[in-house]
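Have a look at these structures, which come just after this line.
The two complexes that follow have chain A in common; it is paired with chain B in the first and with chain C in the second.
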Partner chain A sequence: MTENKPNRRELLEWINVVSFAVDDVKLFLDTHPCDAEALEYFDEFKKQRVEALKEYARYYGPLTLDTASTSAERWGWINEPWPWQEGGC
Partner chain B sequence: MWNYEKRLQYPVKITQTNPKIAQVIITQFGGPDGELAASMRYLSQRYTMPYSEVTGILTDIGTEELAHMEMICAIVHQLTRDLTPEELEKSGFDKYYADHTLALWPQAASGAPWTATYFQSKGDPITDLHEDMAAEQKARTTYDNILRLVKDPEICEPIRFLRQREIVHYQRFGESLRIVQDHLDSKNFYAINPEFDLRSGHR
Partner chain C sequence: MPNYRYNTPDYMRRNNYSRQTGAANQATSCPSAACASNSCSSKPTRTCCDKRNEYDELRGMPIAMAYVPWQKWCSLYEAEKGLKRGTIFEELDKPFKGIGGCCR
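Then we have the complex of A and B:
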């Protein structure tokens, strides 16, 4: 099977980008809950974020509880470095 | 309920230790205008907030401040992790080291410990939102002060990101204040305190 393994650094950068978009528009929506453009923006980036987090977990280990796999033999959550450590996210 | 996400909101990759600047930056962890006080302020104020837009803002900004606290801690950690006893002594980090080794502990740049007296949770939305707007500006000034001392671009970049977030939060709190005022008597905003006088059963 030929799987196209994503570049780790690029995928993480993408996760940071789409997550920031979601974080920022979330605050805007709190005070502008009926803004149609912001609602659409949120939906789009939230979708991309969920996809990217799933893809990252598949190749490089989970960043969130919801993408942590229970099928593996070892609990993957503690395998990869923590964000403040060398090689962390 | 909170869930942890195993990444920083904005990357922190510092390759050169610098204990001198770490002692300054730590103030945004445990100082008077730091991220810990910011988070505790908003997360404490939200329980009695009667307007859901504003409860949302307090919850979501209070949560983001936790992520900022983590970034500040990552910066301080990376600036101090490889220090030798000689470097510790020369940089003046030896006093902190005596009490905490190289662990993170919330204190101001002056060494004063973090305290809940850094913030108020007053139970009046006009009062609390003015405090919140002021807090964002005070944090922004602190980041400006830090940026005048920092030369290393690896430190500058995440600090600039954090500074920018203070301005966005200030904007959102300003909108929150407007939302609160829209609910009040436009001739006298202070006629009642909606967090006390408008509770169900107390009208």
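Then we have the complex of A and C:
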């Protein structure tokens, strides 16, 4: 399992990239709600964002509540560094 | 609808001209701010305002209205570049250079 572990910083950078793309196309769609190409772009990058967030959560813990798991016995959210700690941001 | 940003008429650069030629010219050259506001009196700025209208590409259109051309889905950056530039649309990548909207 660990041999495929993604680089934390690179994965975080990728999450920032796809999140920004989704956010920007979202603004475009607000004024062009029927643009097929924009809708396709949104779907693709939203999918990549969700996958990247899941991947990050699997190895390094959840970044957002969407990927926070309650299945474990312990609330894992607090295991991650806080924003003011090294590696937290 | 003319593209105002890329086709800046000379009168719009008058502020720069005034700055370069000094305060002595200010009596004859009209600061565009005064022209744009209602404070434009019949003298001495009257000539300037008349002259301004003569070259105004938007002449005849209602004042105080803003016009935003419709954006089309084209010229997209790669997602990585989009994050760096602050937009995924090359057309909207217009960094502020502090030169009054002129393209140089």
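As a convention for this text, the second predicted complex is superposed on the first by the 83 of 89 C-alpha atoms of A that agree within 3 Å, B and C clash if a C-alpha of one lies under 4 Å from a C-alpha of the other, contacts with A are read in each partner's own complex, and residues count from 1 in each chain.
FYI, a residue touches a chain if its C-beta (ideal position, glycine included) is under 8 Å from a C-beta of that chain, and two chains touch if they have at least 3 such contacts.
Everything numeric in this text was worked out from a predicted model, so none of it was measured.
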Chain C versus chain B on the shared chain A, clash or fit after superposition: fit
First, second, both or neither for A:P83, with chain B first and chain C second: first
Touch count on chain A, higher of chain B and chain C: B
Chain B versus chain C as contact partner of A:Y59, first or second or both or neither: neither
Contacts of A:I15 with chain B and chain C, given as first, second, both or neither: first
Chain B versus chain C as contact partner of A:W75, first or second or both or neither: neither
Which superposed partner A:D30 touches (first chain B, second chain C, both, neither): first
Lowest C-alpha to C-alpha distance for chain C against chain B (Å): 5
Contacts on chain A seen with chain B and repeated with chain C across the two complexes: 16, 20, 24, 28, 31-32
Partner chain C, residues of chain A touching it in the complex: 16-18, 20-21, 24-25, 28, 31-32, 35, 37-38, 41, 45
Interfacial residue positions of chain C with respect to chain A in the complex: 71, 73, 76, 79-80, 82-83, 87-89
Residue ranges of chain A touching chain B (in the complex, touch as defined): 12, 15-16, 19-20, 23-24, 26-28, 30-33, 62-66, 77, 80, 82-84, 88-89
Touching residues (chain side chain B, partner chain A) in the complex: 3-12, 53, 56-57, 60-61, 64, 70, 73-74, 77-78, 168-169, 172, 175-176, 179
